[in-house]
Amino acid sequence: MKNLFGLLLSLVLGAFIILALNNTAAFPAFGEVDLADRVSEQYFTDGNVAEVGSANIVTAIVVGYRGFDTLGEVTVLFISALGVAIIFGEKKQERLDLKFKPNFMLRVGSRVLFGMILITSIYIIFHGHLTPGGGFPGGAIIASAVLLLYLTDDRFRSNVKGFKILEGIAGSLFVVIGLLGLVLVTSFLQNFLPAGTVGDLLSAGIIPIIYVLIGLKVGSEISGIVDNFLTEEESA
Amino acid sequence: MIQYAAIILFVFGLYGLFTNRNVIKMIVSLNVMEVGLNIFIISIGFTYDGIAPILSSTTANGLLYVDPLPQALVLTAIVIGVGTTALGLAIAKSIHKTYNTFDLDEMGDKE
Amino acid sequence: MSAILLVAIPLLVAFLSILVKKYAPYLLIIVGLFNLVMLFLLQDGGVIIGGFDQPLGINLLLNLYSRIALILINALIVVIACLNIKDYGKYGSILLLAMAGLNGLVLTVDLFNFFVFLEISGIAAYLITSSNKKPTNTFHYLALGAVGSSLFLFGVIILYAMYGTLNYGAMIEAIAANNNYAEVVLPFTLMFIGLGVEAKLLPFNSWVKGALGHSNTMSGPMIASVYAAALSFVLGRMIDNLFLFQGTLLTIVTVLLTVGILLGDFMAFSSTKTREILLFSSVAQASIVALLFVNGVVAWAVWLIIANALSKTVMFLVINKATKEVGCDETKSLQGLFTKNILVGLAFTLATLSVMGLPLLVGFMIKLNFLTALAGAGQIWLIVAILIASLVEGIYFVRLLVKLWYKGENEISVKYNLSFKVVFVVIALALLAFGSYTAPMNQIDNSVDAVTEVVNNG
Amino acid sequence: MASIEYLILILVGASFLAYLFTKLNTYLGSVFTILATMFVFASLAGYGFGMGLDTTVNYLPWFTFNQTYLGFYFVIIIAFVYLMVSFFHPYYLGQYKYKDSYNMLFLLSLAGIIGAFYTDNFLQLFFFFELIIWTTMFLIPQGKSREAAVSYFGFSVAGSVAMLIGIFLIFSSTGQLDITSGLAAISGTNAIIVFILFLIAGFAKLGAFPLHIWLPIAHGNAPHPFSPVLSGALVKLGAFIGILALVRIVPTANLLVDSINLPLGQWLVAILGSISIVFGTLMAIKEDDAKKLLAYSSMSHGGYILVAFSLMNSVAFAGGFYHILAHAIASAAAFMAIAAVARATGTTKMKELGGMIHKMPITYLAYLVAIISMAGIPPMGGFISKWLIFMAVINKGMIFVAIAIFFGSVGSFLYVFRPLAALFLGQEFREYKHVKEAPIMMLIPTFILMGLNVYTGVFPSFILNFINNILGELGYAALNVTSSSIINVFDGQGILNPALISLVFAVGVFIAFIIFILLKKSRSVSLMDTYTAANFVHDEHLLHYSVDFYAPLERLYEKHTNWMTKFYESLAKKVKEIGNLGKYLFMSKNIGTTMLWIITIIILLLWGVAL
Amino acid sequence: MTLFDIVSLVVGALLLVIAFLAINAKKLINSVLFLSALSMLAVVSFVLLKAPDVAITEAVIGSGLVTALFIFTLLSVRKEETK
């Protein structure tokens, strides 16, 4: 009863939102967006593209124009990693057992796969300013590589402390690069390296550097979270 | 079409939070809501005939691109969503440790 | 030197602090003091990030309004951190991030960036409440907080789709240029409700009871004073500069807030737990603040936020410390708390009297002035509601005070450290001093108006 | 040159000094309090009568002051009561938990009172009112009951909230915050609302029906030296607000009650005042606690004041003003006498006391004089004021009000006599053998008050002349008073010569005294010196009537006495229930409930836009 | 009706159905799996809407890691229950 009522009520809400959006003249209909009405058009102007130097405009926005958002986003992940650790407590922990015993082949195979995944992730991160991808998916792929090791080896325990240090240093470097921008040029997170030619691997100034840092940070944070979830307090 | 679906997804998330009393299901609902919101955000930047906002030497100037800004925002939103979800799951786990259930109704008045 | 440091430095130190966990709380205090010094040195004005001015990039804005908010937030965080080094040292990094998040929240003039900081400070807040060791309450807070910020983001995105910008000033101009009230109802509703969840406005705030009802000396004042103040500040700025509350929207918002004021105090009246009394009273206060912003009484709303933050800090610290030692927060079991702690009792009493709005204390001047302003605007019904609520508030606070001052059946002894006492005395004296010296208030009166213009021009 | 601001600042400073001194030594602090109060009273008395206080000094920003005869009349009476009461402090404070803050708050509240009556601005008036409320609120729980403070505070704040709403209504409709011009400018429906709101404030502070229930609770449980202040002084704040409303605003001037030519609002107030008189009297008759009894008597006297000020003519006003003074003196004296007894014996319950006349004759005499004045018998001040009010009421032809007033007078005899009989007369308990007369410091105010009670009854002309000044200020004709204190009202319809009456009365008393001397004396017997049913008595039982004095009378209305209290209790319960409902609706542990609210409210808000 | 419309109609309908199933599934593990599927569909729709960056990220994070976290939570709990 409550279920049905809630469903109806929320569907009414959905209908209302849709109707309201349809009634709003200023809200563009789906697929009929005119970029000229928006800020976004300016991201494509030649001057801006040359200044940032990133072929992938999304990357240019994420790391360049709105780099501060990205710093905040990394912080969110950082704080939730920290929080997960605090909530699970810092007592001695043991690994969660797996239901099956992984054999030798699986272990070796996964190690090989781990390397390959790692290389992929590095590629993704380094080409973030050229092709789709970048620090976030790259970092997540690193984490999934670590996850793979966890799943295929029941004795595997990553070096949590190492992750922490990596995490902290990568984050700090992000801020330090931002501050360098403030000191060397005029504003926080401002590009202080040459932008290069659009489309080159070594272009877009600090964007690749920051993306590498983001990749490392995201990877270590998510790995840390995974580690936390896969361990539990030692049963006394 | 996808835009409407996104809005309804968002509303479904609210509905899930309204009906469910199970912590995990509530987190699932939150995720449904976030997925809906993300699709909605992308959809407002979409243009028919637009292409992905990546410049390359083969494409000339003057092409129609989809709005890149919403995509950048969604990238951020996704990661933030993961953070919230991870934290929520951690709390769910500690709830289970204390009350031995995920269901908020079954906890009784154990304060 | 730029206002970005107020966010960047806490973030940098927070990232580094996990390498040296033990020193995190000390680092926090140093950073907080650094921020306070900076706040007195920095000049007003916008800050460009990444070398791209708005609307391309993200901007921060430091003006008198945000400066007041930041001084209050940072000072209170430092104070709370100092008092809790021993017990809640491991939350040092979290508090650093909370500081960064709240500072960013107040400073930013970009709506999406605002959402990011809302999430940072929100997650920090969930973790702060997790120190209460009540995971269900933390989850409650998290779920509602996540819904709230999603709603806010939804609203922001609709606005972006309509006006093609995320910058505050540009948005205000675009809305003004478009000048169609009906169009903005949906986004404003969503954003208002989203912020309302965090700002403790009535039908959206059921997390408050769990989160503050079991709070400790760290989480209590953090959530009830610092977060409440910060969110009231940003909500106020949104309401006064961006939201065009008109017609039905205005009516419903006003009704909601009025009901919030009345019910908040009624709920406190019907509570027997001390912490519940305090938290419900702060729900009512938050609604009053929002109502003042809705009616354009900015200066006194700012003062009300400050006075509330200070008073609630004292009240929650006193009660939570006592609760921790006594083990129960029923008013009955705390009877006679002040018989041995006269100084603490005096500070608590002054804080309470200030919240109640009795003369000689800052609360009275604020109350009288905002009521005068409301009367000037012809809002007699709001005055009636606020005064009825404050009558009820007065009764339950007096009941509480009398109980705490006079011995009950059991003798209880609670020891307050010297540092606690110093904080209490300083805050109580501040409440007295502001109350008897009204000149600075009139100054703010003029300058907050000027601030509105600065924000409008982006 | 004395200035109002100086006086206030001095009192504020003195209050902190008093705190320090009392912390060092209770006696020292209390003596300091006496000196400070005396200084303030002396400066007021010295400069105030001729409106000679300086109002131009402006150290306090925001505050402006203005002298009026009306304000001064109240200030001098209240300051006088404060002075008298402060003499009691050295003997009582020792037993209180927070004695240091007692003196401090006492002086602070006096500062508030000076400010309240000398201000010409509504917001300042409210400021000082609230100051008085919270300073005195903390004094009350030092007595017997903790809840008494809550009840006192609740009603007081309800009153000031009503007043503040009225003030802002005036402000928003006329833009005025000045008291005189604001009240003059208000008109129409707003005037009616303001009139009602101010009257609520006045009723609440005065403890008049139907806002009276705090009065016995607060008076009965307040510390002994504070009850006289409450009854003699603070209650008069309500009278002040009532006067502002009744005299300055006449919202229903065109809605006259035809037969008596009185505006409807005023007529209703007169009726309510009469109810206060009757109700207070009935409750006082029933009460066992001497202090609560006097509290109900205060309520009934508050009714007299209300009736007087609702009659809209100078005779009634003069009576009202005179009654304020007479009642302040009389009730202060009565409460102080009972405080003295309570100090000696530790109780104020009538059934536990008796025979104090042998131990405390002077206190007895003071009480006797006070109740004579309260009952309105010559040659005391209460007679003059009640006579004036009677004259005015009868002149108006208000039958029911007149009946109520007569009933109140007769009832006064009934109830004020009970403590006299129970406390002072009759047999004495053995356990009070050691009791002695109050110390000399406490007798000083007792004597002064006794003298004043008589003075106001015999030579009213000085005071009435001052009241004529007030009447002039309010725009009413002066009362015809000759220099030899002969009062002539309504062009010779009523002529009163208090001196003559007093002379006759004195002669009568003298004759009675001679008879008393000449006749055979009664023998004083101890409680055990008797026997019943042919057995000696081994326990102490009081054989005089102090309990169930008027049992047959009480039986008539005993079932109908506390319905007002029940009403307020149920009101509080309702608020609590609404609060619990709110918690259930909005503060549920169930996240779904909040989601429901969010969804519903969005739907509600989108209604107009979507459809 | 273009191909895009048809595909988006199908994807949209599937999204709704799977979301409904995820919310109303009886078993927690089913709910989580539906969520993962929902995420995958979201990836499809991101690709449809010309957002490759978002699609990659959502694919890795949304349907990969988040699902993993959910499952680990359930796993660790199940282990406790069997103990």
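When the chains are written out, they are named A, B, C, D and E in that same order, and each has its own residue count from 1.
Criterion: a contact is a pair of C-beta atoms (placed from the backbone, for glycine too) under 8 Å apart; a residue touches a chain by one contact, two chains touch by 3 or more.
Please read these numbers as outputs of a predicted model, since none were measured by experiment.
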item	value
Both-way neighbours, i.e. chains that touch chain D and touch chain B	A, C
Centroid-based (C-alpha) most distant chain relative to chain A	D
A-B against A-E, pair bridged by the larger set of C-beta contacts	A-B
Chain occupying the middle, per Cα centroid	C
Greatest separation from chain B - chain, by CA centre	D
Distance between chain centroids, defined by C-alpha means - chain D, chain E (Å)	75
Chain C-chain D separation of Cα centroids, rounded to whole Å	43
Mean-CA-position distance for chain C and chain A (Å)	31
Distance between the centres, which are taken as Cα means, of chain C and chain B, whole angstrom	28
Set of chain E residues in contact with two or more other chains	51-54, 57, 61, 65, 69, 73, 76
Chain B residues counted as touching two or more neighbouring chains	1-2, 4, 8, 10, 12-15, 17-20, 26, 43-46, 48, 50, 52, 54, 66, 69, 71, 73, 75-76, 78-80, 82-84, 86-87, 89, 91-94, 104
Residues within chain A bordering two or more other chains	3, 6, 9-10, 13, 17, 20-21, 23-24, 28, 33, 38-40, 43, 56, 58, 66, 69, 72-73, 76, 79-80, 83, 87, 132, 136, 222, 225, 229
Pairwise chain contacts under the document criterion	A-B, A-C, A-D, A-E, B-C, B-D, B-E, C-D
Touching residues (chain side chain B, partner chain C) in the complex	10, 13-14, 17, 23, 26, 30, 33-34, 37, 40-41, 44, 69-70, 73, 76-77, 80, 83-84, 87-88, 91-92, 94-95, 98-99, 104, 107
Residues of chain C defined as touching chain A within the complex	2, 4, 8, 11-12, 14-19, 47-52, 55-58, 90-91, 93-94, 97, 100-101, 104, 112-113, 116-117, 119-120, 123-124, 126-127, 130, 135, 158, 160-166, 178, 180, 182-183, 185-186
Chain A-touching residues of chain D, taken from the complex the two chains share	592, 596, 599-600, 602-603, 606-607, 609-611
Complex contact set, residues of chain D against chain C	61-62, 97-98, 112, 123, 126-128, 130-131, 133-134, 137, 141, 146-147, 149-150, 153-154, 157-158, 161, 164-165, 168-169, 171-172, 575-580, 582-583, 586-589, 591, 593-595, 597-598, 601-602, 604-609
Residue numbers on chain E that touch chain B, as the complex places them	4-5, 8-9, 11-13, 15-16, 19-20, 22-23, 25, 28, 31-32, 35, 38-39, 42, 45-46, 48-54, 57-58, 61-62, 65-66, 69-70, 73-74, 76-77, 80
